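Each of the next two complexes has chain A plus one more chain, namely chain B in the first and chain C in the second.
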Partner chain A sequence: MTDSQFPPSFEGPTCSLPLPHGEQVVMGHGSGGRLTSDLIQRVFLPAFANPALLAGNDFASLNLPEAGNLVGALAISTDSHIITPLFFPGGDIGRLAVCGTVNDISMSGANPLYLTAGFILEEGLAIDILQKVAVSMQAAAVEAGITIIAGDTKVVEHGKGDGLFITTTGIGWIPPNRQIGGQMAQPGDVVLISGTLGDHGIAVLAARGELGFETAIHSDTAPLNHLIQAVLEVAPNTHVLRDPTRGGLATTLNEIAHQSQVSIWLEETKIPVKPAVHAACEMLGFDPLYIANEGKVIVILPAAEADAALLAMRNLPYGLDAAQIGEVKADSPGRVLLKTPIGGTRILDVLAGEILPRIC
Partner chain B sequence: MRFVDEFRDAKLVKVVLAEIQRIVTRPWTIMEICGGQTHAILHYGLDELLPTQIELVHGPGCPVCVTSLELIDKALAIASQPNVIFCSFGDMLRVPGSSQDLFSIRAAGGQVRVVYSPLDAVKIAQHNPEKEVVFFAIGFETTAPANAASVLQAQALGLKNFSVLVSQVRVPPAMHAILGAPQNRVQGFLAAGHVCSIMGYWEYPPIAEQYRVPIVVTGFEPLDLVNGILMAVRQLEAGTHNVENAYSRVVTKAGNVPAQAMLKRVFTGCDRNWRGIGTIQDSGLRLSEEFLLFDAEKRFSVEHIQTQESEICISGIILQGLKKPFECPAFGTLCRPEKPLGATMVSSEGACAAYYRYKQPMDRT
Partner chain C sequence: MTDSQFPPSFEGPTCSLPLPHGEQVVMGHGSGGRLTSDLIQRVFLPAFANPALLAGNDFASLNLPEAGNLVGALAISTDSHIITPLFFPGGDIGRLAVCGTVNDISMSGANPLYLTAGFILEEGLAIDILQKVAVSMQAAAVEAGITIIAGDTKVVEHGKGDGLFITTTGIGWIPPNRQIGGQMAQPGDVVLISGTLGDHGIAVLAARGELGFETAIHSDTAPLNHLIQAVLEVAPNTHVLRDPTRGGLATTLNEIAHQSQVSIWLEETKIPVKPAVHAACEMLGFDPLYIANEGKVIVILPAAEADAALLAMRNLPYGLDAAQIGEVKADSPGRVLLKTPIGGTRILDVLAGEILPRIC
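Moving on to the complex of A and B:
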């Protein structure tokens, strides 16, 4: 684990037109009138500046990649982001909103190109918070190599929102002959994970002050498109890419086992979990395999390409702890099974509902 | 992770398993009391690794599972009142009452909060003087000291807006009830290590003597569990019935004496209704006279609650170790963790939830 894995800090004034400290969102910011225009001019345009946005239209007009010779397919994904607190170690709602959609698009093997963002602001939200979030979104977008080309802002009354909600929609281009999806896992394939599990969920719980103890755990929120492209270059026959977000590794692998009608067998000792996450889970009675991640990808591919894919991931900052954790079999279709360190076997089912801490 | 990994050492576990295999000559039925032990056994797949002669049956040591329906309905009635902040351990939120659970009260606008410690509920009461803050004080002897401490702290702070809905239960009376039942199959016990960390094990020799069963105080890691089983099997094979301690890094015979003194001050013994099992004499704790001001049952009018238990659920029989979850016709079909009929399917310590989560599909039939 190196510092390079942590996202950059966005503290400090980076906006060219800083607003007076303490200014708050009011209902008028969502009226469509002068205040709305003011908000766009002062918060969003400086952060996201690009020709499509600066044109000031109700739409963004874009050039298609490889225009005139376009083959392949489009990948489109939309995702709404709500999180408390808005800022947490390793990320914030803005970085999350960009990375979440970039990653969803990337799981098709696509190159993400453009993003739109819808903001629902709660009356009373400090505008400098909104500015920080916008700056963080732009930094994540630059890192991923995408452009935020359109947006929308609405304001709800105080008490009817949780500060700030962001919905992002992304478009990406899938090169021809890429067939990647949850239904493609085949017996004989192996299962890779790009790094340690549970970091995001535990970091956010800790940031809410709900753990009753402090941790130094950072969320793993990160755009994975570069890592995925590096994998696909050396492992072109990759069958499945999926990010284990809500519900964690266990729930996501269950979806894949069900879609592909195969079983997935994991070895618990090979699954990477940071000691601090492990310790927090031990105390609370959580299983890290069910905790959310925001910067990890599951790769399922033919065994022959596994070593090259692992090496490609480990050469990149978001893949340093990549590991081979299991294999795909034909028996017990739809099931995920785990070999325990002491030689037993247990079933890994989907998450039933909210994760609840144990009593004693 | 230090002090944990050592007790998950696969090589050592295998050595102990081989020793159990070597000494066992005939079938034995051993009950692990605590739901935490049940989950650890299934989590690590230990049940598959034991000799076939050893049958583990799962005991009633899940505080969520045995909390009576009447008290859960009372909790729901209190939590749905407008001026109340109802605080509970997270596990209780999904437990079905007669018609709903705490999650649905929260969805309907009730203020239901998950706390990690009863003292957090006291803090909430301090910060919300205009609200009535109620803590759902459930559990065995393990949670009882922290629950008692919350009452003592509220008293010390002079809080008038804090009360507790008490459903404390004790292990030894449940052991008597199981061993005294005519259909009892249990020949040896793994006593619950966490309970014994508070209470010690001075209460157990009379039970071991009266029913002629070995009792081994046992921890929760794989090596603790196989070691506890080995000590119980050794005694069973030798025909002895002593109380032994296989969890000496945590448990002493006397237990946590200051905690016991605190319990004695705040609580007093009472009969308690165990969900699915029935009333067990002197098996519970309620607030003592000095602290009745903090009794939520007295503060809120929830005396006359009509309960309606599921007719299909056999959780009571499972909690007594008479049947396994797979033997329930509703298991995995009508009753699932996301829509439980009984509390054993809810809690992270419930036997049905453990079987549902960890056992292979072929085992489920």
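Moving on to the complex of A and C:
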């Protein structure tokens, strides 16, 4: 990697639109979809203009100019976490914060090593909640094999925060000659997903009591670094790794299609969705392809390595439901298309606004 | 640096006390003083137990185990910024966020290289405020010579945040054989300060309209990396660098006295304080030695290198008022003592609670 290849972790495609809701921040600016992308285009990219902020990955890879004969590169990623409620079936804000950043780092093909955490506490937060979150963070860190090496704590007045926000930054190491990123998808590649879609979003919605019925769905929040290393061992020519978090599979694939200037064709019948998630989405009018996941990875790679990668994932607890769901083509660059069971084709666009705020 | 020397950026001495205000977070937990330290001791250190979190610096230095024959180490630091108001004489939350992290990285003797930023926006925040803050961040980054390489944006509902919180994480490079940290102060060393104390805290208080009178005091918010490199060129045996932010000079020196198991003796008449800051503190009943600074550095080094370091600082715009203010002794380890103009000696303890919340 060279300095001119710095990729940003500012997410989203690079189209620039007028802000449709006027000149104030709205909830949709946090959706991970078109409004988020627009805010980044309008505000952050012009201000921070540098080569690092143009490629559109969730990690930055960078050199150490003073480190002499260093072979390889650093991977860095940061994420703020504002989820409500703080605890939900399958996870909590602490596990989410650690896993989210471990995963973003891992999407570069890096081995995540270290994590920092900045805590913004609201006056009145129960100390035992904070303790539970810290213990959960450490458990996730141990599972991922990383170390939490630095932190900061700030307190805001009651009513000026919401219990607990956590911003994590991860540092990893990309071995030499590893070229993975959203701009690397090639026509002829196939698209894999490591498991079922929509579990996290629906589990959080259920924990808020917003479903209106009982469900046993658990968030999929998990560190994927071991699964990804297993994939890369058997599929060293993997082109793209990305986790479909905010905006879901559809929005994430749109980012990749745009970055690589290819089209991505999905087969709806092959996309794994748990029956309970499907049922909840039907009732609520949601599409599981737009719901956030926190323990899934999209793998795009040459067809010749697909079976080995699928087998490697299915041998691991977080990859049991891994599936091949689509392919990459040269025509209609920037588009994501879904082949439906009845033989139709539907364009999957970027998530426009916000369907599930405070989800990660 | 070895793995067993990982220092934490969790601030504060390592005494453990019962939480005096019960089992809820109070504003004083964000003071940078005794309550902050206690929260870290009670909650974070037990959970994240690892060698990285025991030395008590504002940066972590770490190796890259896979990087082969790398000579030197990474420096990492993180800080969340929650200041109110967002704009104040001499700075704003953006300049503060960049400078605060640049400075924490620089306190390791590292050259800061890269910065990440996580934004937590409150619904309803004016976009032009966000733009002004982003432009200010970039100006500070350019001044420091660093690159903002990754970011994340989240939005919380109106009333669940306070306009804008920014968490920055910095990455720097520590050249080989540089051994700087709070545990390195030696009896016989002298203590320098790069300029006047209390400017930031009083400027922010004035911007809140809480002074009750007009003042022309500006925050000292500034990146100190160039000044520190100038010091290290002429004073290569510098033992400690630390910026007296939350808790002020007195609290920061207590941390160092505790880490190094030495006493630090200050001469009150030699400590530079602007007359307007002194006057404001007199009226409000504050001690400028406990007020936060955002552009000052404490330098502790062998007496033989002190004059050269002072001259190097005074030649630079952020070091014009640099002064030698005290010395390090072996007796009364852990104590900070102030010699008053009338010949008395006063113990300067750690800041207990919170005198200026939302200051950084």
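The rule we apply is simple: the second predicted complex is superposed on the first by the 285 of 360 C-alpha atoms of A that agree within 3 Å, B and C clash if a C-alpha of one lies under 4 Å from a C-alpha of the other, contacts with A are read in each partner's own complex, and residues count from 1 in each chain.
Everything below uses one rule, namely that a residue touches a chain if its C-beta (ideal position, glycine included) is under 8 Å from a C-beta of that chain, and two chains touch if they have at least 3 such contacts.
Everything numeric here is computed off the predicted structure, so don't read it as measured data.
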item: Touched partner set for A:L316, first chain B, second chain C, both or neither; value: neither
item: Touching partner for A:G159 - first (chain B), second (chain C), both, neither; value: second
item: Touched partner set for A:A126, first chain B, second chain C, both or neither; value: second
item: Chain B versus chain C as contact partner of A:N50, first or second or both or neither; value: second
item: Which superposed partner A:G285 touches (first chain B, second chain C, both, neither); value: first
item: Which superposed partner A:A308 touches (first chain B, second chain C, both, neither); value: neither
item: Partner chain(s) touched by A:T340 [first = chain B, second = chain C, both, neither]; value: first
item: Shared chain A contacts, counted only where both chain B and chain C touch the same residue; value: 357-358, 360
item: Residue ranges of chain C touching chain A (in the complex, touch as defined); value: 6, 8-10, 19, 23-30, 36, 39-40, 42-44, 46-50, 52-53, 59-60, 62, 64-72, 74, 76-82, 111, 113-114, 116-128, 130-131, 134-135, 137-138, 141, 147-157, 159-162, 165, 167, 169, 171, 173, 175, 357-358, 360
item: Sites on chain B touched by chain A in the complex; value: 1, 4, 8, 10, 13-14, 36, 42-49, 63-64, 89-91, 93-94, 103, 114, 116-117, 120, 138-140, 142-143, 194, 222, 336-338, 347-349, 356-362
item: For the chain A and chain B complex, residues of the former touching the latter; value: 210-212, 275, 278-279, 282, 284-285, 332, 335, 337, 340-347, 349, 352-354, 356-360
